[in-house]
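Note that the chains are named A, B, C and D in the order they appear, and that numbering of residues resets to 1 at the start of each chain.
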Amino acid sequence: MSQFGWSWHLEWQSPCEFHGHLINRVIVDLKTQYQRVMVAELARFGKVLIIDGKIQSSVADEYIYHETLVHPLMLSVENPENVLILGGGEGATLREVLKHKTVKKATMVDIDQAVIDFAKQYLTEWHRGSFDDKRSRIIISDAKDYIEKTTESYDAIILDLTDPIKGNTSYKLYTKEFYEKIKSRLNKGGAMVTQATSPSFSLCVFSTIFNTLRQVFKLVSASIVYVPAFDGLWGFVYASDYVNPISLTKEQVNKRIKDRIEGELRFYDGETHSMIFNMPKDIRQYLANEKRVSTEENPIYVPA
Amino acid sequence: MSQFGWSWHLEWQSPCEFHGHLINRVIVDLKTQYQRVMVAELARFGKVLIIDGKIQSSVADEYIYHETLVHPLMLSVENPENVLILGGGEGATLREVLKHKTVKKATMVDIDQAVIDFAKQYLTEWHRGSFDDKRSRIIISDAKDYIEKTTESYDAIILDLTDPIKGNTSYKLYTKEFYEKIKSRLNKGGAMVTQATSPSFSLCVFSTIFNTLRQVFKLVSASIVYVPAFDGLWGFVYASDYVNPISLTKEQVNKRIKDRIEGELRFYDGETHSMIFNMPKDIRQYLANEKRVSTEENPIYVPA
Amino acid sequence: MSQFGWSWHLEWQSPCEFHGHLINRVIVDLKTQYQRVMVAELARFGKVLIIDGKIQSSVADEYIYHETLVHPLMLSVENPENVLILGGGEGATLREVLKHKTVKKATMVDIDQAVIDFAKQYLTEWHRGSFDDKRSRIIISDAKDYIEKTTESYDAIILDLTDPIKGNTSYKLYTKEFYEKIKSRLNKGGAMVTQATSPSFSLCVFSTIFNTLRQVFKLVSASIVYVPAFDGLWGFVYASDYVNPISLTKEQVNKRIKDRIEGELRFYDGETHSMIFNMPKDIRQYLANEKRVSTEENPIYVPA
Amino acid sequence: MSQFGWSWHLEWQSPCEFHGHLINRVIVDLKTQYQRVMVAELARFGKVLIIDGKIQSSVADEYIYHETLVHPLMLSVENPENVLILGGGEGATLREVLKHKTVKKATMVDIDQAVIDFAKQYLTEWHRGSFDDKRSRIIISDAKDYIEKTTESYDAIILDLTDPIKGNTSYKLYTKEFYEKIKSRLNKGGAMVTQATSPSFSLCVFSTIFNTLRQVFKLVSASIVYVPAFDGLWGFVYASDYVNPISLTKEQVNKRIKDRIEGELRFYDGETHSMIFNMPKDIRQYLANEKRVSTEENPIYVPA
């Protein structure tokens, strides 16, 4: 049984369920001021980033998450030149944004310089040099602070944030108040997207984010993908007063990819677009019935 | 920690990966002549059927699998009156077939009387009385034997079989030779479907089944769904010389459901149809490149 | 990997540690009024009794626990005729007591008739008919109630009780007050023993029981054995004003076994006696330094 | 559940059983030419050395193993001046040997310079400077080669070797042929000891080592201890033509410790000596019945 006598990453989805991943090698395991950060090589997924015991991203399937977060939004906007990313410390969201030839300036705001430095050193496969692109600007700041103070406005704003968790402050970045501030920083024709947690493990959070954005924006749509390393479905919500990715046809998506994107996409194209924006009946009905709105006073959290 | 000191179902997807499910209660745990059969109540999924250590079906999400197996096929056929199910011992596939008002006769062929008896006693939530429907006929026989000997022909044939595994005989039911026999038992206008294993854990088996059916039938298409209790994606392949579910529009699917189906569907409708028949770019390319054909001489197996 | 896709008993010793045992078969899994009771066949230990997620006893090594609980005490008493067992529902403690030819009456007091009935049906390997021995008397009662009300007195009293746990009432059976009542029910020359939890996982409980008994009795000694199914060491404390098992020599033990015991012992004899009553330096020093006394007002519990 | 979303060391004792240890931090995880070497901090045991997925030693209880290996042997020899250690790369066996004031020269032979260097850097708590003691001499060599070629002879030889495993060469160091060579390198009055694997998991290996040494030496005895980090019992066999630790009384052990040893022992003393050299009846009978002898032609292995 020697092949099993190793270290494993055990990730609990709830007190009743966990997934075990064989670790081939621990590359680094650090305690920063805020969190425990590990980079390891899993037998199934290869290199992964694990923060506080949760797989954040795997080299084997991060493209599913990052392409779905970035491209439907970017392609729905007419001519996205000035883009803002909140969060996204690994640099992969920035990498996908920079594939768009329209982009002149991409600003990434992350709270922790240490995370950026760590990513630069250990997560080359994620950022692939995007931090050094001439169009990139990295700002170390709290996302809420930044949005409240900046006078700049953007064509596209991408929220690549940690889940709303009781006890830290990220939950504020999923509220009506915050989305109103985001809206105020969007140019005419602009749009935003946020990762919206897992419809498999926190469906009510996904639907509440969806419903909260509907209170603030005229056009709101959602996509769902299956991410193996997350052990379930993952959701995204797109919002704008002007454009809606769901209105794009397969053909439009394929044409815009050809016209605007430099480099190959692995997951997203016209047919994928049809898959991820069509929702199964059970989840669709759940979303339709959602009445909750996340506010600073009454926020939503993922189950602890 | 007393809440954890319980029994768990640990299901290995490979030697490098497993999923742990807390068992609230073991309802029955038997060794039959062929296999170990357990019915248990899991904390996350409620009642499940576990055969030889693999979750076969959970009361919480079996509708995803069974609706996707049955309805795209049945709705693509003009007027399915005589239907054959190979396998499907729990009775849920039969249950979904019988929802179609066009059906006059539904024949289910399963290898083991003990399994049927077991299902009748322990899996009421699955069959819901379908074994006792006047249109149902249950035959205890090997599926291959039955197909070779029967003189009857069918409008729809549904293969709800265990995965092709080295060492047992089910692999023969995924070969070109077997599909040719199936084809010979289809009426004009008829179509077949087979469950096609997991694109997450055995993508090459899924693509080989797809490519094998393309050698036998003119019209072949595939759908993919995420089934939580299977811990990943699940695939289905539909084949016919006359009809193709992929050609149905959202509106057609919704109209035919309204016209032909008695009772509510929970997962499948027009929009779900669009989701499951549009495939993501990465899997689509893999399928397109598949050259293997499963034959009796050179069969395909799921990894042990 | 099919050999691993089974149910496992995972037993947490703390939030940081667990042991996984492959379950070959679940024989019965019941929820009684008080607890969840399972009998299963483990690959390593064979048949086991699991209560509320903790292995209570395995057919492979229960003799280690039961022989160590019973025989050092019984052999140290001059002529034990009337014996009281508190707890011990499986019937194995009773079985060992009845091996002593001196015994004329063995009274077993257990709180739950259902447990006795369950043991009679499912735990034959444990009781081996001891419930039906002419000398046996089974009383259904709370142990504390029984001791407070009985007017009978005993030559040996054996406490085979569940661990002291916060939130149930068993902790009262490990207090100075309770031991004083036990003492009042002992005949001249009589002695008592209690299981004393695990020196591996709750050393401070073991040492506190030891020190508490030293407040009540003149002669107190402890033994320690390794029980594989408990995943660590297990402790016992013997107390009396008249006799002390630790004073017996190897030769005396062997002689008394020969003279008094009918049937074979598998674990305990003179040399085993020397092993279990000699304590390693580290645990010995810990015991020597223990100052705590468990009282009804300030009781000791095993860590939850 | 965030406290569980971490990495765990899962150690399989057999295909049917494993133990899970929460890892607080991975300090280093390397692949050397021969093996995977990890130093990690476990929640329960603190710092541990893990080689090829097996815990070799934990800072919390390594003293149990190392004191039992070294001191009964050293104290039974009249005046051990020249000591040989085969294996023992962590330096803890050497550390214990050097506590004996009689020792003038301690030679440690290990196969891999990399292991020694690794120990020097990461395992300070184990060696505590023993590599730099003036009496120490470190030789990089295969143990068998060394014994065959050396012309030196020793008062005590300590075999602190990896278990005999099929497929590597360590099994040769547990054979009659090897023990004869060891004997030829012992001075008059000299004695040897070997670690003898786990009576819990490989009782037949323990008993075969015991019986093999009885073919070569006149006086052979065994001790058994429980080592928490090894999840079971561990065995040692001592052999000589002149002395036998089992003959030492408690009082003699305590006196010799006082006279000869510099520094404190945590586990071993006179009473511990009585515990570990008295064997329980079941294991004792197993040993008495052992007929196998491990030879180069017909060697014994631990189960894979």
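Note that a contact is a pair of C-beta atoms (placed from the backbone, for glycine too) under 8 Å apart; a residue touches a chain by one contact, two chains touch by 3 or more.
Only a predicted model underlies this, so the values are computations on that prediction, with no experimental measurement involved.
A.B. asks: What are the mutual neighbours of subunit A and subunit B in this structure?
C.D. replies: none
A.B. asks: How many hops, at fewest, get you from subunit A to subunit C via touching chains?
C.D. replies: 2
A.B. asks: Starting from the Cα centroid of subunit C, hunt down the chain whose centroid lies farthest away.
C.D. replies: A
A.B. asks: Provide the C-alpha centroid distance between subunit C and subunit D, rounded to the nearest whole angstrom.
C.D. replies: 34
A.B. asks: Express in whole angstrom the distance between the two chain centres, defined as the mean CA positions of subunit A and subunit D.
C.D. replies: 52
A.B. asks: Please work out the Cα centroid separation of subunit B and subunit D, and write it as a whole number of Å.
C.D. replies: Subunit B and subunit D have C-alpha centres separated by 56 Å.
A.B. asks: Give me the residues of subunit D that touch two or more other chains.
C.D. replies: Answer for subunit D, listing residues that touch two or more other chains: 3-4, 10, 14-15, 18, 20.
A.B. asks: If two chains touch, include that pair; go through all of them.
C.D. replies: Per the contact definition above, the touching pairs are A-B, A-D, B-C, C-D.
A.B. asks: Looking at the complex, which residues from subunit A come into contact with subunit D?
C.D. replies: Those in contact with subunit D are residues 1-2, 4-12, 14-15, 18, 20, 23, 25-27, 29, 31, 36, 38, 40, 50, 52-54, 304.
A.B. asks: Give every residue of subunit D touching subunit C within the complex, in rising order.
C.D. replies: Subunit D reaches subunit C through residues 3-4, 10, 14-22, 42-44, 64, 200, 225-226, 228, 231-233, 265-269, 271-272, 274-276, 278-282, 284.
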